[in-house]
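Please find the structures below.
The following pair of complexes shares a single chain, subunit A, combined with subunit B in the former and subunit C in the latter.
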Partner chain A sequence: MSTQELTRAAAPATPLPRRAGRHRRSGPWLLMAPTLVVLLLMTVFPALYLLRASFRDENLLGGSSEWVGFDNYGFVLTDPSALRSLLLTLAFVVVSVALQLGLGMALAMPLATRTRANTIGTLLLLVPFAITPAVSGLIFRELLNPNYGWVNHYLGISTEWLSQPTTAWIALLTLEVWAWTPFVALILIAGRQAVPPEPLEAAAIDGASRWQSFRYIVLPQLMPFVAIAVVLRTIQAFKTFDSFKILTNGGPGEATEIINLGIHRVALQSFRIGAASAFAVLLLIVLSLLVPAMLRVIKRYTQPEES
Partner chain B sequence: MSTVSRLAGRTVLWIWLLVGLLPVVFMVSTSLRPEEIAKRLPPEWSFTPTLEHYGAVLAGAAGTSVGYDRLLLNSVVVTAGATLLTIALAVPAAYALSMRHFRARGALSSWILSTYLFPPIVAVIPVFIAAGYLGLIDTYAVLIVPYAAFNLPIAVWILRSSIVAIPVEITEAAMVDGASTWTVLRRIVWPLLVPAVATVSILSAILAWNEFLFALSLTRAGAKTGPVGIQEFTGMFGTQWGNLTAAATVITAPILVLTLIMRRRIVAGLTFGAVK
Partner chain C sequence: MRRPGRGLRSRVSRLVAVSAVAALLATGCGGGATGGGADPASPKPPQLRMLYATAEANAEAVQNLVPHFREVFGIDLQIDTQPYDALQQRVYAEVATRSSYYDILIVDTPWAPALVRALEPLSGYLTNPAVNDVAPAQLEDLIPKVLADTAVYDADDEVRQFPDPATASDVAAVTGQGFDVYGMPLQANAMVMAYRKDLFADPAEQAAFAQRYGRPLAVPTTWDEFSQVAEFFTRPEQDLYGTTMMAGVGDWATDDFKSLLAGFGGDGRMIGEDLSLDFAGPEGEQALTYYHRLISEQRSVPPGTTAASWDETASSFDSGLTAMTFNYHSLELDPAVGGEIGYAPVPVAQARGPHFGTWMLSLNRFSQHKAWAYRAITWLTAPEQQLAMTADGLHPSRTSVYAALAGDEFYTALGGSLAEGVGRPRLTNYTEISRAIAVAVNTAASGEATPREALDKAVEDVTRRLTQAGYELPEAS
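Moving on to the complex of A and B:
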């Protein structure tokens, strides 16, 4: 709104009104151009490149490269380990986001009251969220070390955490929940603080239990914030790489090899670009299903009023 | 009953918060322990703190194939470069997307927003190959440009929202007083945009500082950053706990302080401004 007025008002001041008119049309595109170039280069170009590579037997080591049709997809879709890594990824995203939402809610409700203790509590809550992921992966690995790690010592056990699939997954999920629950909780704290106190007071006078107040007054008003947290965390969870790479590197065996690790291993360690590309294209297809949900949630709650 | 359950709830809450700090307590306390007692179990708590690990790590004398001082310098350069590039790209783009007569603005905004979904792992293979052809492997540029690209959806979205939120009356009043477009932009729009630019800068800096995948895949020695280099402290000849945790603390400290001070802005930014 401001800018329209701004350009309209500015136009008469320009010596050549006609040129100003043309400028008005190309101006925004010129301003956009650098951003569009960088984004195309880092999203559309890679996607197209991989789409092409996924139909060829491209290999960074061997020079040959020829059209192989759907062979790579056939490989990815029939190879049990490839298919499993896709399923592992989906399961990881669902479980970790659900845990973060549940725990985030449990932490956010008591912390939402504005008291000095809660300010300190919120700061403590945020600490794990602020640690560089590559560092927390390393720290967790040392803490879980079977010989001199603190975790086994304080729990009085001798578990080889990262050598068994189940405990490796527990370690990974703990790391993810530890790191990201604060983010979810902070969103929900903001949501809880936006709930007006009057209906809650009225409900308390009418004898509503704490659960009833939460269920019928607080929760409905929290839903937009829950939606934002779930959408953002789901997207971010699909991008998870650092913690898995450092903590388990997909092991033991391939028990924790989520798709991001799989693509990385096949492409940049085995240099089988064709197979990795088919993998990546499948990931893009899965992720693109999330686009409408993301656009709807973010636009609805962030769009400044504009016709 | 209700008081008891509330008290129990609060106790659980505070236990959770304190247990969550354990990894950080481990990191900082181990970095201050003399190496001889670093791995002793139960952990030694009565010790004279030493800064020898910080000294060794910051002097580049310890452990990593590239000196840790150089890794930190690389991290600083890449972070600063990516942040500046993000701002330089996002401010004009956000301004264009706020222009009412710009027909494509709705579709372009949506598209830019949707690139937030694009997983970096998908970009890393083509960028790796292209950078190989162009001889850009192990340079700052090959990290700076992708980092800026990954920051753009949030950056453009936040900046655009705050430009659109500037009241028409203010700019109109300036026009009436005879200000030129450029003066209005520089004297009125830009100052009102500073908070949003600050938010975007902080978020960009954090992302670039923490990034691991691209730094791992596209650097060898010359442009390797802190989070990648630090992995070398855990070699096959045993982990140097003192140096590892000192280096980890050095990487973590700036981001930790920034996040605690700017927490509202960071959450607002990471949620595209949906949560204030």
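Moving on to the complex of A and C:
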């Protein structure tokens, strides 16, 4: 075969690569199409419906359904109870996620070493967040009962936990921290196990203390895992509902009335879909602003030289 | 010349039309927007489906009748049960999607104002002998107040209450005033007082009470006597308290309050047909003051009462922690307590108006088997079936059944309470209104706010929520 023939054989005909290229470009889309359709139906369409409903006086049970502009948003934004609920929700998310992060870190560091005991300990960590929140709420309610609950009995106290705002919040935060700290710990255990040993050995030879090693070597490398834990838990914490519904139902008074209790009442008990949609859209906006802001802050700690 | 895009639109229109027809066929809604099978001569369906509650409406009692139903009708009755919150969402979802899957829906009183337009009006069936062939409806046997409160609605103005409960069984009188009947009442709940008979009969207790208060120990009939007896039995050192109350934030606190409000001479419905806020007057303040005194000053209730609901109060009484309680249903003391329970109506002050509310069986407007579903609900709510269901704790809705149970103390107290009961206001967002009032009851009970402050705050909240739901309040509100 001549050099020219070899070159012609090696180089495909001109139209072929164009068709193959087009095929290559459309191939992934075709493969993803079923997923995209499901995503569209399950996520995008409901989101658009939610947005549309928030501008309407929607009556799903028959009767009128009309465009009301920003009325629903006006009601929500001028409703002191709704704004109070939003602030309580934000405070709950910040405090509970911070506590889970601190405790999760404290659990993760010793459990990250690969030993048989730690493997069993890590498996046990799975238990709390494998329990349905409604069930753990009911159990906590029984444990805290001032007449026959185990908590008062073994502590030798007579606290009416769910009757006072402060103790009710302590109970709710304890339940949340108990249920979700293991989730944070598991993420951080994975992160700690990914830290290479060499820099730690070098630091030990240089006389660095355990705290210095943790602060300047482990923690910076853990930050991407911290980011994942914080973002996931923040989004989940915003969705908390069952424990509040069962443990306090928003009481005493309105002390623990988080926004999801109000949305549930308006949407699923009164079926005022328009007002509930406006509530949900506003919550979505808050989350959409909050999560990227959190990620930016965490990224700054992850890459200090770039900040 | 074809306009650009017309072909595409035409194809899309065809696609939508085909999809709509396919969806209608798939969901069995082809028989018309509001279902079918209303003709008395409609062929018998292979099965009827009913959506029902769980323990709240004694599901077991109804389920135990299914074999008998099969014998009588020659078809199956499939009963799907759901706990309260899930049931409400399921019923609303069935109605919102115009589903014909269930022929019969159970409806709780607070939901009825929102659902009434989606339920089948029954006046045409009630007056048609052809569909009353299996079990006649016998409206005249239903407790008039229960029938009027549970099932008689004006679908164009759901807030209206039927003015004269005594005439609710007269279908012509009902329809003549713009109302209709939307279901057959079953499982009638009213607040009833339960007490420890063994404690009240104990000679030592009787002597101690007589010495302390200068009168014999007796089951309290007035709220003043109730407070005194509750105080007498309160002995924390013996793990014994006078009574329970349900002051935790929830519908239960509102139920406690409206019974007291009616007792102190107020309108136990709390909100009038003209949307006047009748709970916030002097009677409301008096009721809340009494409630606060009993709970936070006298402390005649177990610890945790300001977070208690139906569940905690029933457990407290059952475990022997209290001498008296209030509930809808009969109670059972733990074997270790070894006492005996008696029942009586709630006490009276200026009047009596225990909170009540009844579940009803309604026809789904979109059912394909309405005539047979109607026959099923009249049979299920017939006196014979109700009497049989009392063996499993059902609360009957018929006068004749209570007459047959005259020797039973619980049913005697329940029947009497149903005849005097006061229901809820008819609002599509009652849950939100009830919640606002419950917050007031809770804060007043615990002393976080004075009764007046709590009621004023509730007025603000209720006004806002009614306005949000589209109600126009009178000027004075």
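Note that the second predicted complex is superposed on the first by the 241 of 307 C-alpha atoms of A that agree within 3 Å, B and C clash if a C-alpha of one lies under 4 Å from a C-alpha of the other, contacts with A are read in each partner's own complex, and residues count from 1 in each chain.
By definition in this document, a contact is a pair of C-beta atoms (placed from the backbone, for glycine too) under 8 Å apart; a residue touches a chain by one contact, two chains touch by 3 or more.
These numbers come from a predicted model, not from an experiment.
Trainee: By the touch definition at the top of the document, which applies to A:L111: first (subunit B), second (subunit C), both, or neither?
Mentor: A:L111 sits against subunit B, while subunit C stays out of touch.
Trainee: Is A:W180 touching anything from subunit B or subunit C once the two structures are fitted on A? First, second, both or neither.
Mentor: neither
Trainee: With both complexes superposed on chain A, which partner does A:P34 reach: first (subunit B), second (subunit C), both or neither?
Mentor: In the superposition, A:P34 contacts subunit B only.
Trainee: Does the superposition put A:F75 against subunit B (first), subunit C (second), both, or neither?
Mentor: second
Trainee: Scan A:A134 for contacts with subunit B and subunit C and give back first, second, both or neither.
Mentor: The first partner, subunit B, only.
Trainee: Under the stated touch criterion, which partner chain does A:F55 make contact with: subunit B (first), subunit C (second), both, or neither?
Mentor: neither
Trainee: Does the superposition put A:F92 against subunit B (first), subunit C (second), both, or neither?
Mentor: neither
Trainee: Does the superposition put A:L268 against subunit B (first), subunit C (second), both, or neither?
Mentor: After superposing on A, A:L268 lies in contact with both subunit B and subunit C.
Trainee: Based on the superposed arrangement, let me know which partner A:G121 touches: subunit B (first), subunit C (second), both, or neither?
Mentor: Touch partner of A:G121: subunit B, not subunit C.
Trainee: After superposing on the shared chain, does subunit C or subunit B touch more subunit A residues?
Mentor: Ranking subunit B and subunit C by residues of subunit A touched puts B first.
Trainee: I'd like to check the shared interface: which positions of subunit A are touched by both subunit B and subunit C across the two complexes?
Mentor: 60, 148, 268
Trainee: Along subunit B, where are the residues that touch subunit A in the complex?
Mentor: Residues of subunit B touching subunit A: 2, 9-10, 13-14, 16-18, 20-24, 26-27, 39, 41-43, 88-90, 92-93, 95-102, 104-105, 108, 110, 112-129, 145-146, 148-150, 152, 156-157, 161, 163-168, 170-172, 175, 180-181, 184, 189, 209-210, 212-213, 216-217, 227-228, 230-231, 234, 239, 241, 244-245, 248, 251-252, 255-256, 258-260, 263, 267, 270-276.
Trainee: Along subunit C, where are the residues that touch subunit A in the complex?
Mentor: Those in contact with subunit A are residues 85, 88-89, 92, 95-96, 114-115, 117-118, 239, 248-250, 302-307, 309, 312, 316, 319, 321, 428-432, 435, 439, 442-443, 446, 448-449, 461, 464, 468-470.
Trainee: Can you name the residues of subunit A that touch subunit B in the complex?
Mentor: 1-7, 9-10, 13, 24-25, 27-29, 31-32, 34-36, 38-39, 41-43, 45-47, 49-50, 53, 60, 107, 110-111, 121-136, 138-143, 148, 150, 153, 178, 183, 186-187, 190-191, 210, 224-225, 228, 232, 235, 238-239, 241-242, 245-246, 260, 263-264, 267-268, 273, 276-277, 280, 283-284, 287-288, 290-291, 294-295, 297-299, 301-304, 306
Trainee: Under the stated contact criterion, what part of subunit A meets subunit C in this complex?
Mentor: Touching subunit C from subunit A are residues 57, 60-63, 75, 79, 81, 145-148, 158, 160-163, 168, 248-254, 265-266, 268-272, 275.
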